[in-house]
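Quick heads-up: structures coming right below.
Look for subunit A in each of the two complexes below; its partner is subunit B in the first and subunit C in the second.
Right, the complex of A and B next:
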């Protein structure tokens, strides 16, 4: 375990070198919050409740959704595919480390950095500028756990795309397609409640909703009971297990086609 | 100085080489083309879902939004297809491979730009054309020759605005080590271009009209075709805005190119 944690520390320090960049990311997110505020205000000019959600709930959902979006950006898919294409992966294969865990713990450093840099300014702007109030309830305490689960699920997708480089070398296309599918189907931009009922039912059965919809519902409606939150966490846990196993099997298959041409 | 004809000939020669090199990742190329096409339609899908619950957005109907979005797609395609290399500028500058552009008797921006031609960006252009025709039919818009010419002129200016913003942002690479956040911020701002600018007020409307004029990428020029009766005279300035912005960006680029001193290796 200590070996893996040191990977997290190293990647955290690597990201620290780019801390000036976070200044721009934070500005970008504050502008986004403003745009979202205006956009949703004009959407809610016709009625106070749309699809069972008030303006306040939707705005918290969308605003924190954008913060999670930045949080999950570790570029693990780009890094892994780069390592495979350039043959750097050969170095990793000689180490006594599991490649999946190696990639996961390296990504966690970026996530910790994002967490510190993005969540604090976003919450400050939400409460101070937009005067948003979050209702108390058990959901507030379960939100961090659910968010951690979301990180693991999101990592599985990135890892899957990265590994695909064994077959396609460049993974630009799959990465972009994955981003599109996740942002639309996970409820990252629009709460799933807004989708037509049948589409919504289908989306709730897919793993994508466990990345954004689940943690965001916990924080927008925190005053619900275990009968609601319990199953949500179980579904997330199920997807973590399933996706970790599937990507492991995929890796074992994909590694067989690896060719590295000299040093 | 080389003649324009010579530049055009060179452009095709450099391009052909690039496309040949690109084809080595064939599977990725095919997936990329599809991915790009669906990525273009994804924001529109969000609008479509949203309009299930609301009658209009600040007075704009779904079909009008589709038209504005189609205009946006067409306006951002030239950047994607012709100027794609600027997304890589920060790597070239950081790793020192940018030095090679100094050693050719060519205009540096021309040489740098011509080195990449993004074939998959053509699917974005295609998505824009399909959506433009689709919304025109639903909105009963007729395309006479003068109106078509107006469309081309406004698209040209809109494309210049958007190219200037992204290329200008990419030039940050000449002065800071990691230029990605600047570029990321610019491309994030660009994504707000298809929203009706009338939903904003105060500082946001001012910024999107005068400072980072993303309003000129899609919303303001689209009004000329959707609601010509209540167009503000400001719109007729759009070619000036486009050319002016590009001139500023070219000036920034020249400054950057002159101050770059390589990586020392």
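Right, the complex of A and C next:
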């Protein structure tokens, strides 16, 4: 385990090397929060509850959604396809490391950085500036766990796309498509409650909702009981297991067609 | 049993036939027009523990592909490959623990971190204990004065410094075999010499088997007792370097830039040499690049100085360079039967 944790530390340190980029990310995120606040407060001007959600709940959902959106970007798809194209992958494959775990733990460094630079500032701004109240409840404590599960699921999607570069060499188009699908189907763009009932039912059966919808439900309605949150966590755990296994099988197939540039 | 056993090993790649231009690029999107490239076409050899073997050949000969199969990155199309009794491709992670690799054109160090951090990370990855790590770093510090570089970011290192760090890194976990793929590419003479002496030292101190791929025949002459020459995926020569050494040593290429060069210049040169030197004088003339004419001389048969004076007195020479024989030329000489 230590060998993988050292990769996380290394990539965290590498992200730290580019400080300016992160200061701008923090500022950009705060501007976004302001825009979202005024947009949703004008939508809620004439009604207190839309589709069963109050302004407070919707704003937390949308604002945290963006903070989590960044947290869930593992960039594994971009990194792996870049490394395949440039032939750098050969170096990783000469190390006594499992490639899937190597990718995961390297990605975690960037995620920790985003946690420090974006997610935590967002929570501070929400509570201190916009005075958003989060009701206490079991959801509040389960939220970090559920978020961590969400990171693992998101990683599986990125890893899947990244591995596809073994076949396609470039994954630019597929990556963009994946981002759009996840943004829409996971409830990141719009809470799932806003979708028509039948579509909602279908979306809840797909893995995408376990990325955004699940952790966000815990933080927007933390006062609900274990009977609601328990099954949600089980569903997340199920998708983690299923997607980790599927991407492993995919890797075992894909590695066979690997071509490495330079000789 | 030998450390590395390779028998009738081959690797084929499927490559898309790309068309020219924008229209071609668009049509390629839907193309199923593949051709098969035989990067390695049935090679066999055995390498014993403790050997330094030069694995050489011209560009695209299949050297790196062989290395990537030995390290378990690529799956062979056919044949047998075993390192330390195991098939690398099927036991990649386990095998990685007994191997070290340097790809000269890429670094295994963390680009944005100080040098010492990379070593610390590799220490964790290979589970090297503190004492071994300390001994290793101490030894390298003695050999090349590495300590001065510890706090520098990898991307700020010169190519030579980076290569020394990369070599240090590849020996960190005391591997049984180290693959050095073009370790001296793009380096100047003094740093090349340093790298060669480090490799030599490590091989003799630790009995590490070293497989060296290079373009630089100087590396091979300095380090290897045995060489394997590969071209177009096939082995041309496998044996003692002494035989081939004569070949490297004896040939020099005179590169000439002649004023008013035309097709007839080559003919005139050949005629001049035939007239001046009798019998089988071993001089070949060829135009290699624009404005440059290569005259390759077998010094066992003709003196370089005689050829040079014959050229200088009869042709309007604008520029001259004398170079040692190139890899491509060695391969050509072998095809022409120089080793038989």
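The criterion applied here is as follows: the second predicted complex is superposed on the first by the 260 of 263 C-alpha atoms of A that agree within 3 Å, B and C clash if a C-alpha of one lies under 4 Å from a C-alpha of the other, contacts with A are read in each partner's own complex, and residues count from 1 in each chain.
What we mean here is this: contacts are C-beta pairs under 8 Å (C-beta built on N, C-alpha and C of every residue); 3 or more make two chains touch, one makes a residue touch a chain.
Note that the structure is predicted; figures quoted are calculated from it, not measured.
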Which of subunit B and subunit C A:120 touches, first, second, both or neither: neither
Touched partner set for A:183, first subunit B, second subunit C, both or neither: first
Contacts of A:51 with subunit B and subunit C, given as first, second, both or neither: first
Which superposed partner A:171 touches (first subunit B, second subunit C, both, neither): first
Which superposed partner A:94 touches (first subunit B, second subunit C, both, neither): second
Partner chain in contact with A:129 - subunit B first, subunit C second, else both or neither: neither
First (subunit B), second (subunit C), both or neither touched by A:10: second
Touched subunit A residues, subunit B compared with subunit C: B
Intersection of the subunit A residues that touch subunit B with those that touch subunit C: 18
Subunit A - residues contacting subunit B, complex: 18, 20-25, 27-28, 31-32, 34-35, 38-39, 41-43, 45-46, 50-51, 167-174, 176-177, 179-180, 183-184, 189-190, 194-196
Residues on subunit C engaged by subunit A in the complex (per definition of touch): 13, 60, 62-65, 68, 71-75, 92-94, 96-97, 99, 101, 103, 105-108, 110-113, 117, 120-121, 124-127, 153, 181
Contact footprint of subunit C on subunit A as seen in their complex: 2-3, 5-7, 9-10, 13-14, 17-18, 86-88, 90-91, 93-98, 255-256, 258-260, 262-263
Footprint of subunit A on subunit B - complex, ascending: 24-25, 27-36, 38-39, 42, 45-46, 49-50, 52-55, 57-58, 120, 176-178, 180-182, 184-185, 188-189, 192, 195-196, 199-201, 204
